[in-house]
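Which chain is which? They are A, B, C, D and E, in the order written, and residues in each are numbered from 1.
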C-alpha cells in the first residue's frame, strides 16, 4: 500500500462529487418522491397488515442492501489481502459503514413494523431479529477496530480479516427463517412466491431500485471521503520529513525535492 | 564484498512521523557497525527496519539479499534482534525461557545449556522465574536466547545496558566471535567511542538520517 | 554530620530470597554516592529499601531521620526514585505527564515548563504521547517528573541508561546541582569509574552486602 | 486529604479514557452485546424479560464495572505509576477518591445508555423516575468505591484479570440485589418497597466509600 | 508448518497457566460465580432454570472464553514475545495451532467443571451423553480457534480489554446458539434435532480453524 503523493493535485480530489454522482443524486431526488407517492398513495393496503405494510418498501430494500454492502466489504477485504491496495481497503471500509447504517435501518423499520403487527417492538426468541442484530454488532465491531490507531497496513489487514469473517452472517440471517422455522415470527420469503399484487410488487421493485441507487451514491461519496482522508494523512509528509531532518541540522535530497515540486506550503 | 544490509534513501514512518528520513547504509558480511546518535534519532527504528518488522515507505532496502519491499518475511529467521524489551515470559524460569526459544529455532538441549552457562545464568538463577530477576539478569536471559539462535545478522539495541562489567565483556566477546564466524552485527550504543567497543565502524544517526559514517581511526567513508 | 541514610546490618527479603543480607551504610546530607556491583547484587533493592518501599526484615534502618521499621510513609514525599520502569502514563502526552506529576507534588506551571525544557523535551515532543517516545525520550520525561519534585533524597537506578551523551551531561549536572543545594543522591551505575561520574564516593555491593566503600581517590572509609 | 488532588487524579483518568475512546467505541457496544446475550440466553418471552429486566440491568452493570475497574488498574500498573504515586505527598484517600470519581463518571454514563436501550428493547415503563435516578446514583457510588478498592488489592498481582472478578463480584452482589429491587419497584414489576431498599444502597455506598478511603492507604502503603 | 512447534507452544502456554494457577484458583470460582449470578438475576423457579440451563451454560462459557483469550494475548504481548516469535523459523500456523490447543485444553477443563455444577444445581438429567460430549468438543474447538484469531487481531492494541469482547462475542454467537440447541436436545428440554445442530457446530469449527491458520500468518506478518 504505497501512497503516491504526487496524486495530491489541486482540484483533483477536492470535492467528492463528480458528474456521475451528480447524476445519481439527481435520480435520487426524483426517485424518492416517486417512491413515497407509490408507497403511500398508489399501492394498496394489505388485507391483514393494513397500512403497516407500507414499511415493506423500505424495510426489505435496506435489508437487502445491507447484505450487498457487507458482501462488498468482504470482497474488498479479500482483494485487499490479495493486492494490498489502498483502493480495496477504502472500498471495504466505506461499504461497511453504509452497511451498518442500512442494517440499523432494517432493525429500526422492523421494530416499528413489529409494533402493530406482532404487538411487540422486539422479540428475543426470534432468530431473524437476533441474527440481524448480531450481524449489525459484528460490523460495529469492525468499525471500532478501524478506529484504533495503528499502522495503516496493519489496521487494514486486521480489518480485512474481521470483515471476511463478518460475512458468515449473511447466509445465516438470510436462511434463518427457514432453518429455524419454529422460532420466528418473521416472514419467510414471501415476495418471490407470486401472491403479491402487481402494484405492491412494482412499488417494492421501485424501492429496491431507489435504495440501490442510494447505496451506490453513498458508496461513491464515502469512498472518496475515505480516499481523501488517507491522502490527507499523507499530506504533511514532505514537511514532516523536512522538519525531522532539521533536527539533525541537515537539509538533503528528499526534502528539497519536495520543495522544488512546490508541494510543501 | 557481500552486502548484508543495503539501504538507499530508505524512509520509514511510524504513524505520521517519519522516523527515518532517507537512510543510506551498506553493511558487508562480517562487519561490526556501531550506530550512535542522540535520543530519538531513529536508531531503534533502523534496527527494526533491518529486522523486517517495519514497512519501507520510500527508497530501497534489502537485507540478507531480500528486498524488503517485496519480502519481509523469509529473512526473519536469520535475524536476532535484542530490543529495549526482552521478549521473555515472566512466568517461566530462566531455563524454560531459553529452552523454549531454543526449541523455536531448533536448537538442541546442549546448546541451550551452554548458552545459559555462557551468560552466567547457571546455578541458582537457572530455576528462578524471569519475573523475579534483576534488570541485568533479565537482559542476560534475553541474550542467551539469541546465543542459541546463532543468527547471521545480529541487531542489538544497547546490548550493554543494565549489564555489569563482566557482562559487557561477555557481550563484546560474543559480538566479536559472531563477526569472526561470518555473522554481521549492527549495534546501537550510547557509550562514548573511547570505550572498548567491539566495533571498528561508527555510524551516527540524527534526525532520521546518517550524518557521519567513520571508522574508529576517523577516516570517513561517508555516505552522506 | 547529618546522616540521611543510616543502615545497620539491614536485611531485606524478596519472597524467600534475601536480596540484601546485611547492609551497613551511612550517607550524609549533600553526598553523592555511586553504588556499583554485579547484576543481581541487590542494588535496585537497596534503592527501594531507602525509598521506604520494602520492609526491613532485620537490622536497623533509618532514612531522613525516620526509622523504617516504624514509619516508612512520612519520608516518601521527600524521596525521588527513578527505577528501571519509568512511572509514566502511556496515553498522556509528555507535557500532561509532567504536569500531572507536578500537580501531585504541588509544583507550579512554571516549574513544569522549566523541567520539560531542561530535559530537552520542548518543541515537538511536548505534545507526543509517551507511548510513542523512544527509550531515551521516555527516560527524560521520567526525569522531568523528578526535577519538578525537587526531592531531598534522590535515588537513581542507572540514571544514564538509554540517554545520549548530552543527556548524560544533563543528568550529571542535575545531580551535582541537587547535591550542591543540599540534597543527597544515591545512584546505581554500571559505568566504569573512570567515566565522568558525578560521584566522589563509590560503594560496591555484591551478594547483598557492601564489599567496598571508597572515595574516587581510593581512600577507603570502609564500613565493611 | 485534599480534594484538589482527588480532582487532578480523576481528571487524569478520564482524560486517558477519553483519549483511547474506549467508552464510546468499545464499552458501549459491549454493553449492548451483553444485553443481547442475555436476551438470547433466556430465549424468553417479553413478559419474563420485563420481569427480569432490572436484574439483567444490574448484572450487565456489574460485568461492565469489572472491565472498567480492570482498565483503571492497568493504567496505574503498566509502568509502575502506582509506586511513583507513593513517593508524593498526596494522601492515599485523595487517590482513592480521584479514581473512584473517574470510575463513577464512566459507569454512570454507560448505565444511562444501557438504561435507555433496555427500556426500548424490553418494553419497560418507568413509574418512579426519581427512585431510578437516586438509586442508580447510590448504587454506582457503591460500585465505584468497592471497585476502586478491590482494584488496588489486585494491582500488580499479574493475574489481575482473573483474580479481580472473583473477589469483586461477591462484594458487589448486595448492591446489585438492592438496586434490582429498587428498579423492580420503580418499574412497577415487583411489590417491593423501593425506598427501603434505597436506604440499604445508601448504607453500602457510605460504607464502601468510607472504608475505601481508609483501607486504600493501608493497602498501598506496603505495595 | 510443523506439529512439533505447535506442541511446544501449547505446552509453554499451558505451563504458564498452570504456574499461575489461574485455572484452579480463579477462573473456576469465577465460573461458579457466573452461574450463581445468573440464577440470582433470573430469580426463577427450578423449572425456568432447567429450561434456560443450556443457554446459561454457553453464555457462561463465552464470558470465560473472553477471560482466557485475554490472558493468552497478554502473555505474548507483555514483553514483546510476540515480536520475537516473528524472528524464528516457526510457521505462523503452528503458532496459531499451538495457542488454540492450549486455549482448548483450558476451556474444556472448565466446561467439564461447569457442566457438573450446573447438572447438580439446576437438577438436569442427560438424555444423550454422546451428543453432549461431541458438541461440547466441537463448540470448544470453534471458540478456541476464533478466540485465538481475534486475540491476535487485538494484540498490541492497548485497548485490548474492551475491543476484544465486542469483536469476539458476535463471532462466537452462532456457536453458542448451536451448542445451546444441541444441549437443549441432549437434556431433553427442547424439541430440536440436536445432531443437525451438531452439523452446524462442525462447520463452524472447521471454518474458524482453517481460516485461523491462514489468517494468523497474514496478521502477524506485519505486526
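Convention: a residue touches a chain if its C-beta (ideal position, glycine included) is under 8 Å from a C-beta of that chain, and two chains touch if they have at least 3 such contacts.
Please read all numbers here as calculations on a predicted model, not as lab measurements.
The fewest steps needed to get from chain C to chain D, moving only between touching chains, is 1. Distance from the centre of chain A peaks at C, each centre being the average of the chain's Cα atoms. Chain B and chain D have CA centres that are 46 Å apart.
Centre-to-centre separation of chain A and chain E, using mean CA positions: 31 Å.
Spacing of chain B relative to chain E, judged by their CA centroids, is 38 angstrom. The residues of chain C that reach two or more other chains are 90-91, listed in rising order. Annotation for chain E: residues 20, 158-159, 163, 166, 169-170, 173, 221-222 touch two or more other chains.
Along chain A, residues 134, 137, 140-141, 144, 151, 153 each make contact with two or more other chains. Interface residues of chain B, counted against chain A in their complex, comprise 9, 11, 13-19, 21-22, 40-41, 55, 57-58, 206-209, 211, 224. By the touch criterion stated above, chain E contacts chain B in their complex at residues 5, 8, 12, 15-16, 19-20, 75, 78-81, 83-90, 221-222. Taken in their complex, chain D has these residues touching chain A: 21, 25-26, 29, 32-33, 36, 39-40, 42-46, 49, 120-123. On the chain C side of its complex with chain B, the touching residues are 14-15, 17, 37-40, 43-44, 84, 125, 132-137, 139-140, 157-158, 161-168, 190, 192, 195.
Of all the residues in chain C, the ones that touch chain D in their complex are 51, 53, 55, 72-73, 76-77, 79-81, 83, 85-92, 96, 100-101, 103-106, 145, 149, 151.
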